[in-house]
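Okay, so subunit A shows up in both of these, paired with subunit B first and subunit C after.
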Partner chain A sequence: MNALAVSAPVDMAELRATLAAEAGPVHFVAGGTDMLIAGRPLPETGLLIDLARVAGMAFISTDGTDVRIGGATTVAALAADCRLRVRIPALCEAAAQCGSVQIRNRATIGGNIANAAPAADLMPVLVAAGTRLALLKHDGTQYEAALCEYLPNSGHLITEVILPERGLLPRSAFVKLGSRQDMTISRLNLALLAEFQSNHFGVVRVAAGALGPVSSRLHRAEVALAGRKLGAATLRDFIAALIDEVDTAIPGRNSQLHKRRAVAGLGLDLIAQAMGLSPRDRLFEEAAG
Partner chain B sequence: MRMSLKVNGQAIETEISPISRLSGFLRDVLGLTGVKEGCCEGECGACTVLLDGQPVDSCLMLAFQATGREITTIEGLCGSGVNDLQQAFLKMGAVQCGYCTPGMVLAAEGLLHANPSPGEAEIRHALAGNICRCTGFETIVQAVATAAAARQGAER
Partner chain C sequence: MNQISRRVPLVDGVAKVTGALRFTADLHVEGSLHGALVLSPRAHARVASIDATAALAVEGVHAVFWHENTPSRYYNSSIWFAGQEALADERMFPPVVRHIGDRVAAVVAETEEIARHAARLVVVEYVDLPAIFDPEAALVHAGPVMRDDGIPAFMNPVADESFTHGDLDAGFAAADLVVETHVTMPRSHHCAIEPHACIAKPEPDGRILILSPCQSVFAVQAVVVQALGVPQDQIRVVKTPIGGSFGGKAEPILDPLCAFFALALGRPVMIRYDRHETFTATRTRSSVVGRMRIALSSDGRILARDTETLVDIGAYCTGGNYLPSSMLQRLVRLYDVPAERYTGRAVYTNTVPAGAFRGYGSPQIHTIAEITLDISARRLGVDPVEMRLRNLIEPNAIEPWQGLNVGNARGRECLIRGADAFGWQGRRRADAGRGRWRRGAGVASATHINGCYPGFHEETTATLRLLPDGRAELVCALHDLGCGADTTLAQIAGETLGLRACDIAIVPADTDSCPYDLGTRASRMTYICGEAIRRAGIALAEAIRAAAVLELNTEASGLRLEAGAVRRPDGSGLALSDLAARLAARGEELPAATEIYRAQANPGSYAAHFAEVEVDRLTGRVRVTDYLAAHDVGRAINPMLVEGQIHGGIQIGIGYALYEDVAIDRVTGRMRGDSFSRYTLVNASEMPPMRVLLIEEGEPTGPFGAKAVGEIATIPVAAAVVNAVNDALGTELTDLPLVPERILAAVS
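Right after this comes the complex of A and B.
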């Protein structure tokens, strides 16, 4: 059995050539914050490729119609990028609430997707935004796929995360609930992207994490808001739809009772953040009452 | 595999296993035992070091990934003495058993580098990845705020 070898390509061309030349198993590491958690087996054979040095894998491009983010871009870079915050504030908010500053300085957007944790904080935002991925196969071919079609076990490398212009709705928000305020794994997280004009919602997309194996859209919650006036009655319907989504997602689970109550409060916080209102605004008291 | 990096200002070239954690390399190979290993899963922050000035959990980083980078551990923060931030920790009684202190100080240094005059909420947010089981955090936050204020005063 051959020992583990290491490669640290400096650009995409070297990365492609390295991949194409390797006949054995290939492992990728970028931040390492998921790979190195104690108790998880580390690779012992094959080729370990360090993505952290690949020029062209850590960037945030907001100048074009689509937002494009390199797969090895750190979560800290997402949280701090002012131009990204203009295009999709919810993604910056989710990034700012991921782990600790130490984790954010190393963890990457590609790793957050590839690790496929049910509670991954970036995922609800990316799902709601209709994200597409640029992927690289071992034979060097590149292709694009919708995030919801991506198979974490495929071994295909996420080189770019693409947020299409049509998914970047003008209002967006991300909220999470964990066992403490900071540095906490989400027990439940929600993202919203919406059109909003003349006090009415237009197109709305809502997604949740930690409600199933993968983050997913909450279509009933979207219908409860779409095209309707922002008011207590609409918000009550939104809360009812969210609770319905929880009941459908985790029937009979120990966490169902807790999450159907939590989602109500979290849902109102989500709307408050998206609208730039205080969660203590009278509107939300009326809706919760 | 061979790697070269800078640790506490000193250039180092050495052989390293591809799956050595940075924390293990710093402690076991370089003898920098100020780097503490607590949980090995990024929860406690005791292993915090500065990587090119930014706090990272050295237990969650492969040592070879530090090739060409600069690492600062608590031993390299102020030579053989203590700096003003460490002095503030002592003055405010922010050190009890001391196990979390190196990581806490380095996380605070990272914060003060990025944000020289943080508010209390910002200090708490920046130190959320560092767990102390003795002091209750109040005195630690006060120590960081005190050092920040003193540095700001010194600059005026």
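Right after this comes the complex of A and C.
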């Protein structure tokens, strides 16, 4: 009934050839968890390329200095990868909290980025980690770009997600707040990557999702922690900074009142997870008090 | 007892889990066409024009229907039988749409995909009309004339029920404390796994066969007849297996359309809604605003109570005008209140119509009353359980509104034994905590009805017939909604006949072959249909024994039915299949028995629920950490299914307390919670550990002492959870659902 053609290349060479041969618009589908079930009409013309069968697009490489992840790697694979968990536990945690089991089994890291949902769960971690993307243009040209420079509407294919070594700080965490505990869309999510030694924070990177159109770094929250001793006073400053970030991000929004309070709880949960502590530890109760 | 109080597996369980059982949308009907609806994006508008040219040009499209080429007859989709008086304000396709999601047009095509594609090509011009989304605003709105025949159809209030009992002024004058609350309850959605679907099929004799996952084939027939203006005998309705209803399929929505399309086109037609359509274009639980003023003595006795309810029934009347009186009926049979005044009003708004939903007003009214009672107990310094015990109605009390005997009412035992099992005293004494997380415990009582007596000719007819293979056939227009009613009722039949539940062959509800029955509603299946079946079973057993006299050369009185055989006192006997064969060989008809049972009572089922919660004061999230439900069920025919009903009731109730709201925007009329990604249900990981305590003291008028449990299972839940949250936080929250925003606003 429509003129949409579908192609399912089996490897990168065929994918490149398919792209090069297509003069019209090209659309990509991997897990299809957003394109196929969200009530969005499918594109009616052009070429729809199924990435799920492209050999070599789903991998997690943690052996090198950088962590490299194929664009078609499923969220379930991220959640389950032990070596990835050693390098960046926050990404595994975000993946584990993304959607349902069925969604995680189909959804891909590339799709999570390309779909550009403000509440995408992998995004705060990737943003905090200073992620770079390997991209493929239709003419076969490959290039690398920082995640923050990626334009979802460019039509360029995310072939690899690169977490540079310098961004992989030893402590990391991801927390989210949805309408219920799991299988829920984030109304607010936070990621943290940090150096931590002798009970002191070193370099800290914090990012949030669902506070704006895209996930972004929370620099004031980072400053509140960087170089400081883990203690109630630091945590209180961190909470104040988070609240400040919320007030700046969504002034006057209906959700502002809720999020500015909820971010305090979420922020404490974030630090507790990064430190391997319980958020019910006295330290956090003191900070909350 | 052979079958009663046994955990018998669902008689259709294997067919369900193996996929052998086919739901309506999965049925393949030879030559079937498919329909797709054009639904209104406007909340209130006149349909100025419809251009179907582009849709009709699509290959495979057979027809496009809208108000100009479909019957202009008005109907009410909630009627239960032909001739029932009800405000008929619905049309298949109204010329004036009254809510977003109202039916504008339909395309019928070779496939659903073609129909949906073509439906998007139907061009509709609307002329917007003023719309009302707020029930309080609607109350003062007499409304414009909506019907083109000049009859005012949008007058508010649609219903106005009032009741006074005792000396209200004296009660309030004598009060040591007067508590006044304002409680709001959201519109929640049934969220049955199976969306709405229907098939209509022309028969060779000119009749239309409707295959419908419904709660009453006779109600479907009555509504279709009213909508189409065809003779009743032209419409045959057969119930198909249901993938959940909870009241959402009580009213036929697609059936009149399918029937008309099939009649007009001479082809079978199937329509199946998707999830979005099921949310926006079917029914919801009505939202209710309640004001309650309660006069109390210092020891916690209720001296007087004054209740006002305002029910938003949405854009069409359906059965919404019954809701104020239904709530009154349930309110007055829980506590012994010496002076009572009740005013209940129902109003139209330009929102999706409300309809039946598990409890039909009971969850709303008991939530209002139980939250109010808990706030009263706290202000008085009386334990909430103690306070309820001081006011609960006694067994065989006469309720003051209809003067009905409440039967063997065991609400007291539910509270006492439930509190003990839950460790109520210890939990209430425990410190709520001082930090981020606070713990609290809450309780709520509830009651619900057993059938429709004294209204609506509450009777049913059951026929049981011995089959040649020794099993028995049951004809009783039964509508199992997935809750296990067929299994429970087969157990009752089996018990009387010495057979197993799986030996009872249940004939699907069919207007052609079953006697009239009101259907599955008003918690009547076990209590009403069960008693009719029990009586028919006893009569059939007697007939079998009489038929076996010649074969076994023993007096009938000495014979008993056991394990599929008719036996002499010494245990020797004859298998029922052998008996059937011998009777057939002699040319005799196999024994059968029919019993018409007309209800003589409407006892109450009672319950007390206990919830423990933990509230995160920073994020506003509430977690129900423990739950106990004590239920006065008279007798559990199948304890496993009773527990299942209660577990499901708890799930719906927690959602009602904490999450569920279709959230109709008060400015645009648009439903925000119109998909599972926007409408939050309680999922498995949210559920607390649940314990069920059954109080089985027997109801003399119920089959084997049984009373209903299906609806009451969800009625006290929301109040128990809200009361627990208020206990944890020291708040008096009364606006449901208790979403984090509301929690945080209260603690900030």
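Just so we're on the same page, the second predicted complex is superposed on the first by the 286 of 289 C-alpha atoms of A that agree within 3 Å, B and C clash if a C-alpha of one lies under 4 Å from a C-alpha of the other, contacts with A are read in each partner's own complex, and residues count from 1 in each chain.
Assume a residue touches a chain if its C-beta (ideal position, glycine included) is under 8 Å from a C-beta of that chain, and two chains touch if they have at least 3 such contacts.
Note that the structure is predicted; figures quoted are calculated from it, not measured.
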*Once the shared chain is lined up, is A:R261 touching subunit B (first), subunit C (second), both, or neither of them?*
second
*Regarding the shared-chain residue A:S179, is it in contact with subunit B (first), subunit C (second), both, or neither?*
second
_After the superposition on A, what does A:A240 contact: first (subunit B), second (subunit C), both or neither?_
neither
*Between subunit B (first) and subunit C (second), which does A:E285 come into contact with in this model arrangement: first, second, both, or neither?*
second
_Which superposed partner A:V223 touches (first subunit B, second subunit C, both, neither)_ = neither
*Should A:I250 be classified as contacting the first partner (subunit B), the second (subunit C), both, or neither?*
neither
*After lining up the shared chain so the two structures overlap, which partner does A:I103 touch, if you call subunit B first and subunit C second: first, second, both or neither?*
first
*Please work out whether A:A55 is in contact with subunit B alone, subunit C alone, both, or neither, and reply first, second, both or neither.*
neither
*List the residues of subunit A that touch subunit B in one complex and subunit C in the other.*
38-39, 181-183
*For subunit B, which residues count as touching subunit A in their complex?*
1, 18-19, 21, 39-43, 45, 48, 51, 54-57, 59-62, 64-65, 67, 107, 110-111, 124-126, 128-130
*asked:* Per the contact definition, I'd like the list of subunit C residues that touch subunit A in the complex.
replied: 113-114, 117, 276, 435-437, 616, 618-621, 623, 659, 675, 677, 680, 682-683, 685-686, 739-741, 744-745, 748
*Flag every residue of subunit A that touches subunit C in the complex, lowest number first.*
1, 38-39, 177, 179-185, 255, 257-258, 261-262, 264-266, 268, 279-280, 284-285, 288-289
*Which residues of subunit A touch subunit B in their complex?*
4-6, 8, 29, 31-33, 36-39, 42-44, 48, 50, 52, 76, 99-103, 105-106, 181-183
